[in-house]
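In the two complexes that follow, chain A is the common piece, with chain B as its partner first and chain C second.
Then we have the complex of A and B:
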């Protein structure tokens, strides 16, 4: 009963520490116009707009879809706002896709953004709240203990995190939109950087970025644009509670269930063999080996061995984060959509210097909250 | 085009029913419970009404705003009110729960799943709503001036009077009727029987709006279960069906809008098919009394339509839930046999900037 849906246009801003050349409206418009141009469409061709971003407190702008409606050509149309914490860029893409696959709309523009320079996300995450344990010191302070648990559990050597940090920054050199371009990056530079949250050093953490991402999604009878469509082969979301004694925060059940769901929809039984390229939300270096296991690319405890062997490098058999990943650009609300967008570029063959030759099927993943919200899609160059 | 022709042209949607609805007591200040504790009895009730558990649910969607409690992730812990273990497909919108309902309804259209839980919560009491809602405005040109929502609504009411489309007496009559109707709504926060002449002796809060024309400040929560396919009949002998559903937004700049009309509501009503048949009851999310007049015109409702028998947002206005409650109240009128066809409406933003319309039918 569900209709086929495809990505027919992608756009993103140049991600930077401070985009003080544009307002928030200017930022989202930059990405949206690029996506429309890629799809060879104009604002009037769009049926509905779906926008996502992380907490409103990051910019101090409550329910900003109201203010952004005219900038995104949404006046007179349905405009929908998604917020699912760090996974929001992924979830936003999925909500937009469902408006197509449900048969309600033919062409939907979806946009996600963050303008982190308008505030301080780390402290916006750490506002003391009644009845709640203080999070303290932002996301890194929350995730570092889980990374330690992973290291102890898997016996991974300390340098694995640094390898991921170097690999993703080398990939970013191929991506003109990436925030960080560090041509001299190497293991020593990462090792020499300041310890932030043991075992995470400064260069093993994502930057704070201003940026936006946008995509145009379309139904089978409404395709356009010069690049081929990227068809959705599977999409899923899963959530689990923050505080629950039965949770495994190193290898969350919600992540495993979510990937099992998209793989089943896409007919994938061996992810490592059947997925050509993956963009996975790795805001802190160690999340690459952790998610390799969670996403079923290897057996439990073996994720770090794939990283160490170079399997996830640009030339490896399962290139992960060819765009440079979250470690190279982190406009939080858009970070999940950038993962979803990069895999669209890969299967459409429009990724330029970071194109993996012959990429035909790809996985995009985003996670948020305390490793509890997951959204994923599998895209393919063939119609499902 | 005739209504019948318009209906024939409209896309066929999968029938989805409102299987169950529950809401908390609406109160001025609930400082005895956190968000999870506010929601837990409401979620328990919405399941108990039809004898199901969360294991019968395929998808969850919630609506809330972080800003009301001043924290970045209030929806994250609120999910504990359901207890999503094992993990569940779940999503959240930073909009009124009526839009969360729309997201769930859209997903059910695909035919892959049959049941969804929607909930929303709004605690207006921890902060100062006049300051908080000013932060919804353009952050460069409007928000720095801190225009509060009451003053903006007063501009709209003044425009209505100037256009000859309403009077202070009309606003008072709407307030008087709504709060009198609220006497039969056990969940209402403000309910009384005060004649128009008495109300018109109220002081102005912001001219031309007197105190009675303003919504109360409310803490409250609501939940709903949607069902399609066999579950719709399994969970109800007389299902209440969603026969049309749409939402639209207008430009943000108040100076670029005609505040006396609501073209976004009219457009949503057209897409949702309000005019395809007679409407018995309308539950309109009109936080300020005069907004009911604008919405009534935009929806094309005649004087025979019963408007806001629950008392509407003038009787209880839990921000982020008040729209979902309108849909629940309209569904209840159909379920009880008082109405055959109803329209429910939700709004967001200053002076009715964004509007959602949901048409409900019995059988």
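Then we have the complex of A and C:
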């Protein structure tokens, strides 16, 4: 990339099942104001705004970027809307970063959100298609068969999913912004929860949240704020068709290619050894071991062994989802950005109770659609 | 409520329900018409890629991997293998099938890609990967150029397929 780019401000809402105290405009503004304050900037310091959310059909609110421009101080400035399904929060961050790295702008505000209480995501993701039987029951119905395929392929014991469900909810207890705070969470509570999409139980699935995330990105000559910048060491996006003969639905090629690209840019050859902390899009428990393999943290078939050994726990050697992850907060459009934002907080040393001591390099990952959109960045506390 | 009650006393309006209805037209085009006309005759019609030889069903008219038109029609049988599945036990608005139901990926014999199918005539806890299934069609006079012509799939009674035969389709 031509110009160095860093995260200099982060903001997020308290994610909840229902934020009926604010409109969508109020929700995004809350996160944006917090990010500006973190960067010691005001609206007038921002050159452009990049906003992302999941499908408009969720809230039935078409092209919301048009009416959100005033709430985000974007009147008279360039404003871009990004959409890549569940990965959108990640790809929105990257589009904002491209505006800096290309030398076009100095300071860009990027925002992502979802107001699930205004929406019916299950319905929007289950609309009958002309060439498919009307069987799909939301995202869980889509991913559960691929999880079963992973279990068969890897020979993983069935309790691994429950371990992830517990681990991420324990991490969420450290994060005051997380939606779910379940102090009594344990394996039995997960096992006793309702089976929704066999083999996935209720507590192995993400919640429905209202929430927004925002970041201020800046060029090297435009840094501000009291925390150190989180430098971008690598960023990449990849996509692939949802359906083609020979597609590996468990370990998608686009995810492998995306991580190879981002590691090459960051000079990483051994992710497990060289990355201090990772925030990875795990909306259903089993996606932790699946993405451990897809992201090259271990050999194929060994992802579940890392989870089982506690390697990804807060005290493990490669903590995954210190924020509590998507399993603890899921404002869908913002969920990818929250992954990218959490790793910025980690390398800036501002993560409070969920700070990993000495985190200097971190990976943020988001995926979306039928596992066909991937976006990733590697951030570092040192200038690359 | 008194006419003099102020907005401040009433508080903000938190939520308004605004139902949306959307009917849309879909133009299947030439390639997808082959599949739909096949359904109207009670059979699955796929297409083979001239480069990689893989058979798509339904075909969108080109091979996503090779980027070439698929022109050779392939009549597929009525029987296939469940590669993987889930049991749906969650209700949602507009759901047309009684829960719990089995939602499976069915790989028809001779095809190189699976599609989603409903499995019936078996208890939900007896479904398994590799199960052989057959399509159950609506009555001949009810056949239409749509997937509604397939009522569901049911066990064919054959022995389960070996994992090696379908592991590359997961």
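The rule is short, and it goes like this: the second predicted complex is superposed on the first by the 376 of 384 C-alpha atoms of A that agree within 3 Å, B and C clash if a C-alpha of one lies under 4 Å from a C-alpha of the other, contacts with A are read in each partner's own complex, and residues count from 1 in each chain.
Rule of thumb we're sticking to: contacts are C-beta pairs under 8 Å (C-beta built on N, C-alpha and C of every residue); 3 or more make two chains touch, one makes a residue touch a chain.
On a predicted model such as this, the values are computed, not experimentally measured, just so you know.
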item: Partner chain(s) touched by A:66 [first = chain B, second = chain C, both, neither]; value: first
item: Touched partner set for A:90, first chain B, second chain C, both or neither; value: neither
item: First (chain B), second (chain C), both or neither touched by A:238; value: first
item: Which superposed partner A:104 touches (first chain B, second chain C, both, neither); value: first
item: Touched partner set for A:75, first chain B, second chain C, both or neither; value: first
item: Partner chain in contact with A:56 - chain B first, chain C second, else both or neither; value: first
item: Touching partner for A:336 - first (chain B), second (chain C), both, neither; value: neither
item: Touched partner set for A:246, first chain B, second chain C, both or neither; value: both
item: Which partner reaches more residues of chain A (counting touched residues only), chain B or chain C; value: B
item: Common ground on chain A, meaning residues reached by chain C in one complex and by chain B in the other; value: 60, 127, 130-132, 241, 243-244, 246
item: Complex contacts: residues of chain B adjacent to chain A; value: 11, 14, 34, 60, 65-67, 69-77, 79-80, 83-95, 99, 102-103, 106-107, 109-112, 132-133, 135-140, 143, 246-253, 263-264, 267, 348-350, 353-354
item: In the complex, chain A residues that touch chain C; value: 20-21, 60, 117-118, 120, 122-123, 126-128, 130-138, 140-141, 144-146, 148-149, 152-153, 194-200, 241, 243-250
item: Contact footprint of chain A on chain C as seen in their complex; value: 12, 14-15, 18, 20, 26, 28, 32, 35, 49, 52, 54-56, 58, 63-65, 83-90, 92-97, 100-101, 103-105, 112-113, 115-118, 124, 129, 146-147, 150, 163, 167-170
item: Complex interface listing, chain A residues touching chain B; value: 1-2, 23-24, 54-70, 74-85, 91, 94-95, 98-99, 101-104, 124-125, 127, 129-132, 236-244, 246, 252-254, 257-258, 369-370, 372-373
